[in-house]
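Heads up, the next two complexes both have chain A, just with different partners, chain B and then chain C.
Moving on, here comes the complex of A and B:
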């Protein structure tokens, strides 16, 4: 047996952010939501923080939220985070890249037990790389629960691995109630990859916490111009382009400095450039950064450079703009949708084009025509807030809960018609097997033998609610 | 003394007997259901059917002897090592907590924990096999170093595995005794 432990997680970051008027009304009905993904804290990344922040805001709006993920080494069992956010770390075998192995069957007993004891009404899976998320979708449909899926990444169509993943995605999403994408580009990509009806795909962007990313108002004005780059140093982030840019611009502008945060296999390229052109005093490589260090690094510079080659929704440029930096970025994926044109200089993903963009930014900076960092911050902080994301996600839940879950025969029909003869038939067989397995499980452990869990969040929360703002709203929901 | 009826997590009947000696001393006994004649018959019959099938093919009488020995020794070991008849939790506010499990053969297994080592009694959730269960457990601290927090966790009623309603009942009474003990210690 594994015991759980209460845990004080540090940041409840939306606490201090501004409340927009549209979030003030109470939700019409509360849902019992189960977020499933292989990726959650202590693993770090965009999906992890997305799930955490979204859950916190949904709890604040009076919903019950639990998170299901796999065990991370000694972190297993059941734990509680801030505001009674319950996390199940399930003992499932991790196969590759923090993703669990999938057989579409072995996780059914445990997931069914959790869905029943927590009285889950909506299963919300995250990330197409997560096998557990797809498993949970599959089981939830067998159990007759409503399903929502959020896709966080863009994919290609050409290579073998993409073709395979896309096929699996088609199967997994063809009978899912609703899909959420983080940008319109990502929506287009997902609709094409999974052959979906665009009507069931919504776009809800990611958010940043504006209180974490504030400009440094005490900064002294110097002649030095610093260009900041914060990204993982991998091929996808265009580190090869960065190498070319550093060399070319450093020759042209003697007062120019580069500050590069992040770690990865492509770091060697930057070190090579630095070595070859003797730029040790002008190019600083900081290595891996903790999340709380990012802001301090960002405010040291005036211009932020993003060289990504593919990106569904670029959080980094929003964070940089929130710190009051001028952003120069490649025009790829969903990036053009993210910020309005006056905060951002878009370039083609080539060294020449990016250099032109950077020179333009440098000239503006010298001429003093760039907007004041504080004005940028104040504008950007209204764009992407987690409260707004939670409210829009809630609307998806409302819509989904009114839909009907496909019954068995229609689900089989959909699979066979939608996913091609061979794949469709194979997965239809899996659906039947998992249904029979479920009947067997219901016979050995009937639902009435499963203890209903004590709610830690939601309308009947047993967890002490410190936030006084929530109380009147909760009463309202109960009345309705 | 009349006991209350509950079920364990598998749906079998269990009885909770609560005996109160005075304000700070209580005894809880959970009696599991007795071994049913049906399951005993099923097991013996299946062993014998297999034995006869093997005997039919091999025509070797040692098979039947082995089956007799197997069923008798198996039953003895089951009663002596696995089957728990009742488990009890005796809580003495001033002294300590004693847990006893009595096996069907009459063997007893007793653990006593002094009060100075007991930090608290809590209901916890844990994942075991493909279930997520509530269980009652004792949190122990190191008396030489009480600031270090919980040093050990001892689950109670591990073989009877009662459900949440039964656990809450026991938990409430335990907390009453523990809190009165604590208030005495501070005053």
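Moving on, here comes the complex of A and C:
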């Protein structure tokens, strides 16, 4: 492993990223990490690619990583991805939006078996929307394992559903060792939602693979200006605003075109606008995009528009900037933290403000004052790299592994003191039940009877070396 | 080996060289933390700056209520409670044959005509000009309504014969409660639906009318329901907007009449009803204002943005 790394044939999916002196060194101690989330490939999205890329870079750094998720139709059992990344697709019932149902107990036998046979030392759960992630945290604490949680999304405080979800998050995170958020805004949000000590919350941003998002240097110069939008077409992404913007700007600028990638329930709005103002030749709706198609769509345009109403980090604007596009976006959530001011035009979430921002970008484009796509790409690619993310996450693991997992009595005390009388007591009861269940499981199948799995990654990896050279990207597109 | 990993303090990250960032100049001031992600900063990942939660805002949408303003607003609820009460009382009198349908019809017609005149007089005809409805339109729709109700009243009479009277009562009570719940008191809430509210009231009146002795009774009852549940609230709204003083007086008189009507049937009922009215009018506003003190609403940059513009012009 060390050898291949030194040669520079990186196993992380971005081969040309900037090397720091630290990355060349193997870490002091290796961890056996189990990533748990309901969201993983073949499902597509930010969380999924985050888990995959992070795991790859951690494997590159010599750690053992396995991923646990739920079965996706015929994709069940154990699968191996690039570089011996082992994925368990568990037969658990999916309830809503790809999230499994939770009873806090039923997944204990399965997860315990996996944690024991893989000799997991750190359980790292992802996404607060994933019930399985919370279940795994809960069981890991019962089993006395170290726990880390990454929160990928923002949540409000105003309505009943968020009050309930935030309460559950409080319960889930009150005895978790460390929490990772993807932006400072997200950290503030999580600290408030789960009533946490901000010292145990780290901010580690997402990253993008800059080799996947390169500008098109052969592009011909034409008079046509194309605004690209790539997002799911749902309310939270501000599709209603987009409809208004298309109408306003298409009237004003006859050479303007819109290219919209993505699918969702709000597509109908865009189709309505297109129909009503006869814009079929100027507004193209591409429908759902595969991950590998995104770059080709992005480079067709000059300006990228993001109309999200809430966003923890927003990978889309980094991807667009990496392709050399001028980004125009709403100023919501963590977006102002993501890119420096000269690459981004921040607007208020209103049609008028966004139109002003877009017009500014159009004028700059016409005047030729926009930075050259290649310059943008070369700057942006240094901002976020998965190797850096992995390195910082590793530091969290190092810190966590030196901490002690709360013993049973302290855990119960923490729950009751931290989560309020009623909720705390209810969940304390669950903790006791799950503990008794664990005692029962240990009695029926003692730990020493569980076979230890052959490591596919990590220091004792049985995986042949030559496989490390495969590009993970190819593997991913194949799967979809 | 990484200097980070060799650092003796395990509790906090002490890395000064995250990625490619240039080390801070030791002579100048210590580097200031910035809320940005794209530049590696010489701070640990779990660093908590003093600006942490600076943008947190509390209770920014809290409204300061004045007690008497809330009492004034509660008049709308009082009116609706009284409408339901008077309706029930009138139905009881009809059911006991203590009130003849002719009399109710006559009084109802007279009051409706008076209300109709008032309706235009209150805003000096400006509302009528705005919606562009002529008197001929009004006459036409009322004639159509009366003709249909009269024609169908024998059907109404026998409509629910196969249903037990208890079921009818239970259903009417449920529908009248539903009417009160869904009524548009001016709140901007998801449960508010004036169509649903009026439909439930009419349904209740049809149910109750079907238990009256003759078909003329049924006709009168349904007409009265329309008057009290559909026409009266729209007049109320106008009174409220243009002559608040008169509106309060009318509410007070209406409430007195309803309680008196109820008193002639049941003393306990009247007592309970007046307690209800008083608590709605005076106690609930007090509670609302007191509870404002406990409001703890947090807002910040993580909140989902709300689209404030009216986007409907693009879509319909």
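Assume the second predicted complex is superposed on the first by the 447 of 480 C-alpha atoms of A that agree within 3 Å, B and C clash if a C-alpha of one lies under 4 Å from a C-alpha of the other, contacts with A are read in each partner's own complex, and residues count from 1 in each chain.
The rule is simple: contacts are C-beta pairs under 8 Å (C-beta built on N, C-alpha and C of every residue); 3 or more make two chains touch, one makes a residue touch a chain.
From a predicted model like this one, the values you see are computed outputs, not experimental measurements.
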Overlay on chain A: chain C relative to chain B, clash or fit: fit
Which superposed partner A:88 touches (first chain B, second chain C, both, neither): first
Touching partner for A:144 - first (chain B), second (chain C), both, neither: neither
Partner touching more residues of chain A, whether chain B or chain C: C
Arrangement angle, chain B at one end, chain C at the other, chain A at the vertex (C-alpha, nearest 10°): 110
Partner chain(s) touched by A:76 [first = chain B, second = chain C, both, neither]: first
Touched partner set for A:402, first chain B, second chain C, both or neither: second
Touched partner set for A:265, first chain B, second chain C, both or neither: neither
First (chain B), second (chain C), both or neither touched by A:287: neither
Touched partner set for A:371, first chain B, second chain C, both or neither: neither
Smallest separation in angstrom, by C-alpha atoms, between chain B and chain C in the superposition: 36
Residues of chain A that lie at the interface with chain B and also at the interface with chain C: none
Of chain B, residues touching chain A in the complex: 7, 9-11, 124-128, 130-135, 137, 153, 155, 163-164
Chain A residues within the chain C interface of the complex: 18, 20-22, 25, 27-28, 154-158, 183-186, 188-189, 191-192, 198-205, 236, 238, 240-241, 243-244, 247, 269, 272-273, 309-310, 313, 330, 332-334, 336-340, 349-352, 382-385, 388, 392, 395-396, 398-399, 402
Chain C residues touching chain A - in the complex, by the definition given at the top: 1-2, 4-6, 10-11, 13, 15, 17-20, 35-40, 44-46, 48, 52-53, 55-56, 297-309, 311, 314-315
Contacting residues of chain A [partner chain B, same complex]: 1-4, 76-78, 88, 90-91, 109-110, 113-114, 117, 445-446, 449, 451-453
